[in-house]
Amino acid sequence: MTEMMSNGVELMFAGMGIVFLFLTMLVGAINLMSSLVQRFFPDMPVMGAIPTVSSGIDKSIIAAIAAAIHQHRHKHK
Amino acid sequence: MENLLSLWQSTGLYNFTGGQAFMMLVGFLLLFLAIKKGFEPLLLLPIGFGAVLSNIPVAGIAEEGGLLYYLYFGIKTGMFPLLIFMGVGAMTDFGPMLANPKTLLLGAAAQFGIFASLLGALALNVIPGLEFSLKDAAAIGIIGGADGPTAIYVASKLAPDLLGAIAVAAYSYMALVPLIQPPIMRALTTEDERKIEMQQMRPVSRAEKIIFPLMLLLLSILLLPSATPLIGMFALGNLMNACGVVDRLSQTAQNELINIVTIFLGLSVGSKLSAHAFLQIETLGILALGAVAFAIGTASGVLMAKVMNRFSDTPINPLIGAAGVSAVPMAARVANKIGLESNPHNFLLMHAMGPNVAGVIGSAVAAGVLLSLVK
Amino acid sequence: MENLLSLWQSTGLYNFTGGQAFMMLVGFLLLFLAIKKGFEPLLLLPIGFGAVLSNIPVAGIAEEGGLLYYLYFGIKTGMFPLLIFMGVGAMTDFGPMLANPKTLLLGAAAQFGIFASLLGALALNVIPGLEFSLKDAAAIGIIGGADGPTAIYVASKLAPDLLGAIAVAAYSYMALVPLIQPPIMRALTTEDERKIEMQQMRPVSRAEKIIFPLMLLLLSILLLPSATPLIGMFALGNLMNACGVVDRLSQTAQNELINIVTIFLGLSVGSKLSAHAFLQIETLGILALGAVAFAIGTASGVLMAKVMNRFSDTPINPLIGAAGVSAVPMAARVANKIGLESNPHNFLLMHAMGPNVAGVIGSAVAAGVLLSLVK
Amino acid sequence: MTEMMSNGVELMFAGMGIVFLFLTMLVGAINLMSSLVQRFFPDMPVMGAIPTVSSGIDKSIIAAIAAAIHQHRHKHK
Amino acid sequence: MENLLSLWQSTGLYNFTGGQAFMMLVGFLLLFLAIKKGFEPLLLLPIGFGAVLSNIPVAGIAEEGGLLYYLYFGIKTGMFPLLIFMGVGAMTDFGPMLANPKTLLLGAAAQFGIFASLLGALALNVIPGLEFSLKDAAAIGIIGGADGPTAIYVASKLAPDLLGAIAVAAYSYMALVPLIQPPIMRALTTEDERKIEMQQMRPVSRAEKIIFPLMLLLLSILLLPSATPLIGMFALGNLMNACGVVDRLSQTAQNELINIVTIFLGLSVGSKLSAHAFLQIETLGILALGAVAFAIGTASGVLMAKVMNRFSDTPINPLIGAAGVSAVPMAARVANKIGLESNPHNFLLMHAMGPNVAGVIGSAVAAGVLLSLVK
Amino acid sequence: MTEMMSNGVELMFAGMGIVFLFLTMLVGAINLMSSLVQRFFPDMPVMGAIPTVSSGIDKSIIAAIAAAIHQHRHKHK
């Protein structure tokens, strides 16, 4: 086995080791975090605004919809 | 007369080299796959078009002074893949993963495809004419991460010459996930295992969704700083979406910004599909290893799920392990489909989304390892 | 006291040169034309504003360190006009042209305006004080292409000093198409010709619309590589729209991306409206030649249509020849309007859209010729 | 006539020649292509998704429209 | 073994410096303020995130080759703050100010906060260890302008090292306007003054709204060219919106473009929150002076309004003077709220919008003065 | 008082002076402009197009709205 190959094998073990270490620690952290959140903020009020119709839709679109509905209502009568 | 000759000498027909013609065909093939076969069209269409443009003789669109030359700056600096990753983060819902965090381990296991194909690339060096350096091998391995921006980011740092082939392989195999994965999933599971129903997931609170990206970033800072550009931008996008107070930024990150950058990134990646870099025996190696990487990643995910099912107190359907390769949301849909074949009342989609998004994290972590250890 | 003096010496009033004041007036005139007269406001408003900003004494907004200096990079690299051309491509429907491909020849004929005004520019060199090089003449001629991004792209490569005047002339005359074209169209056609009704067009399939941009690009690659940056980006936009699988990219290219680039391009073009470059007798020549180019292009288109009508088995109304100059969709609307005057039941709009979009291709081809032959 | 002028005339002939050559070839290519498409793919199935409401409109807008319609229906009753 | 050691030596844990850890905490604090307390989240979220990213050891995200290093170019050239200012201009309605132009003087008075805190910064030099140059003092003073893009633009020109602290102070105090202003407003006005009802405003015609931004730009060109980059881009945005003929540009400037630039600007500003620059006693000075600047600006505005009320033929409620600091539209809302406490039928919001937008102009003018006189 | 301090004071006077000068001139200019506009263009026709549904809303959205209305009308019958 060439030196590069042995480097590769080493890299594989180090790599998968770190990946598993990282994600295992993340599992632990999530479990801890979730239990803390559920204990201390059981009914945590939704922060900020309720993400209803996102602010990404600008007012003019809403206006267009309203106008369309309005027009429709009139035609419909 | 002289003028006519000079005109003729300035045509593409006169100046075409065989390599350029071949690469242009590759570009048109990618366009065909994108448009007619629906292979990841958002990326493969601009990549294919970039390949065509950059191989036009005389025009020099990918050389200094040409459009693609300047656009490529966005890849060289890492800006394009990182901005796309931010947008992907903004589109990702970690709810299913947070409800069942142990599925993260499936996302870890599936990264074995990365390192196995890295080894494979080094092993291929026994073939005369093939010479993959450790950097090349690492960049090829990342195809197994089944994550476009991560693959492009890593390849642009470690092996820019192979970038074109690697990106094409990554997106093509992502599109082929519904063909590659099912036979492997069926071979490694029994009918009974595929029938396993999983428990309904608990709802996840908004606070958890807000804290998670920060926690992810923090862990990456402490353990693996080399992964923080990728994980950081992903976490930023995810936080913008989860927090609910910057919706206009989150919407822009998921829509216009990611769309603009996708066009630019695709064209720039395509500009690396030059005959010089692509028409090498290495490219065949890359394509072969990419397929191997996907297959091994799928298998590792499924096997890990089988092991976990044995030791877990709640049942785990091994099929969801295959979703650990990422390829969001295609791999999760495949798991769902194969599950339905064995048990028509068994909807695995939500359960597979956990390992699916975990796979994104897993491959970003693997990318960090490669960037930090491969010098 | 000393401080007050230094304050006074830093005011615009103290530092104004006559040339700057005049160019600022030009800028305000462009704003007036854009806002009050509706002259191509999307372009002329930012161009006019850029002219004002770049002629402010002391501030140096168009000099190194200033905003317009950096924005101009997007023109120097060709990036801005090419991205706009991509967006225009995404907005263009080649259906009417594909239904009646021979109207492409009308788009060819109308390009005679380009080469006639090129010759005109060279002829003007007999006037003492005027010295147009062949490059200058080519850049001026391209005004006759009646296509903004093409004119800006060519001028930025061949005669950056004249860019401001050329862009202003191109967009102004495009806005004036409803005034310039009708008298020429009426003079060259008989009442009977204007009454000619054309046959209804066949529907064009989706496959044809998808294949066309690729075919166009391929032809340009084989014959005229120098036109491929323009035709390539145009074809990319058109393909993204036609193929139907990358709608989010196509929408962004036609909306947010083109809007952003339009603001930047307009400001950068305006920054070339400096007294130094604009207040030359050359500018009067450019404005005169631009009008001539539009007139000759219109006439050539109409005459070509008359010839074609004689030899064609289906009737061709000569009015649609005028639409061959491009100026999409204004010129097609003019043809429709003049047609309705003679025959209130004759709707030529769709028939004129064929030569209209053919004119865009024609002027991109002519641009390629100039870029390749004028050295 | 100066040399530049003769260059210009030459350019004019070359230019118009190429423009006509290019567009004439394009006419031919389109005719060929159209006849091939019509012969071999007469009812070519629409590729990709039907370009209905484009994906450019994000879901929230659709939601807003739906909500507007819904509200309208209730008011209208 | 050696490899493990090298791995450990590449972790963030191993490489953390105390300064980086502290700055990361500052970043997380900003995120907390943005998300949980609603402090100007559109800016403070990306700024906080940028602070975290740029202080990650080893990763070098804010150093050459890193994403934030390249993004910062947009601040160094002034491009980001100017584009944001253009978007803000497009969102601003000058109607209420045009209906009652003398409220502009309130926007002038409130700028006293800028110059008072400039003096304060110089006075602080008596404290050993503090060394503010005149440039530093000017950049600190501009916090009192209560206008984010203006503060960032000026700080990037005069004191780039202090940029991070100045931007954080500016946005934080803008978020704190509802806490900072009311006690000052109550202390300086009597109950009777707070009850004053103002006359209904006349409607303002479209022509006035179109002419105003041009007039504003012209005045700035004549008197204060150094303010024209800021005022010019603001006027451009405002004109695009008011003129009604380039709505698609105006919409893009107010939405996608400003959103994209906000993300980039926030991250880049955050990248200036390095331990080296931020963990200085100067930073405490900046935070203290920023609060003083807001307080003095508020007081000057209120006092000016009291003076004007005495000499005006129509009544002026002194509360609207506080809105002169800008901090649009928060300060106007505060004036409205305090007014309603004394007189539940007294809606001052529209009346306060005049001084509020006047404050934006006022601080841009003050910025021009500083940029022109502080060398 | 240090030299820098006196510079600062000077700057303060110059600065507030210019700010007031500038904004006072702007008040004058606005008053002049408004009276001119009101005298000479009392009912100035709205320039350009009436800013109805802004061009920022692309056609596909309008189409979506129209389709929604259309569908609604049918369901509603």
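Letters are used for the chains, namely A, B, C, D, E and F, taken in the order the chains are written, and counting of residues starts over at 1 for each.
The rule is short, and it goes like this: contacts are C-beta pairs under 8 Å (C-beta built on N, C-alpha and C of every residue); 3 or more make two chains touch, one makes a residue touch a chain.
Source: prediction; values computed, not measured.
Minimum number of contact steps separating chain B from chain C: 1.
Relative to the C-alpha centre of chain A, the farthest chain centre belongs to C. Centre to centre, using the average C-alpha position, chain B and chain D are separated by 31 Å. Note: centroid distance chain A to chain B, computed from Cα atoms, is 19 Å.
Chain geometry summary: the mean Cα position of chain D and that of chain F are 37 Å apart.
Within chain C, the positions touching two or more other chains are listed as 3, 7, 35, 38, 41, 210, 223-224, 243, 245, 248, 251-252, 255-256, 373. Touching two or more other chains at once are residues 14, 18, 47-48, 54, 56, 58, 60-61, 65, 69, 72, 76 of chain D.
Considering their complex, residues 3, 6-7, 10-13, 15, 24, 28, 31, 34-35, 38, 41-42, 45-46, 49, 52-53, 56-59, 61, 65-67, 70-71, 255-256, 259-260, 262-263 of chain C touch chain E. Within the complex formed with chain C, the chain E residues making contact are 77-79, 82, 210, 214, 217, 221-226, 228-229, 232-233, 236, 239-240, 243, 245-246, 248-249, 251-253, 256-257, 372-373. Those residues of chain F whose C-beta lies close enough to touch chain E in the complex are 2, 4-5, 7-9, 11-12, 14-16, 18-27, 29-31, 33-34, 37-38, 41, 44, 46-51, 54-56. Of all residues in chain E, those touching chain F in their complex are 98, 101-102, 104-105, 107-108, 111-112, 114-116, 118-119, 122-123, 125, 134, 137-138, 204-208, 210-212, 215-216, 219-220, 223-224, 243-245, 247-248, 250-252, 255, 358, 361-362, 365-366, 369-370, 373-374.
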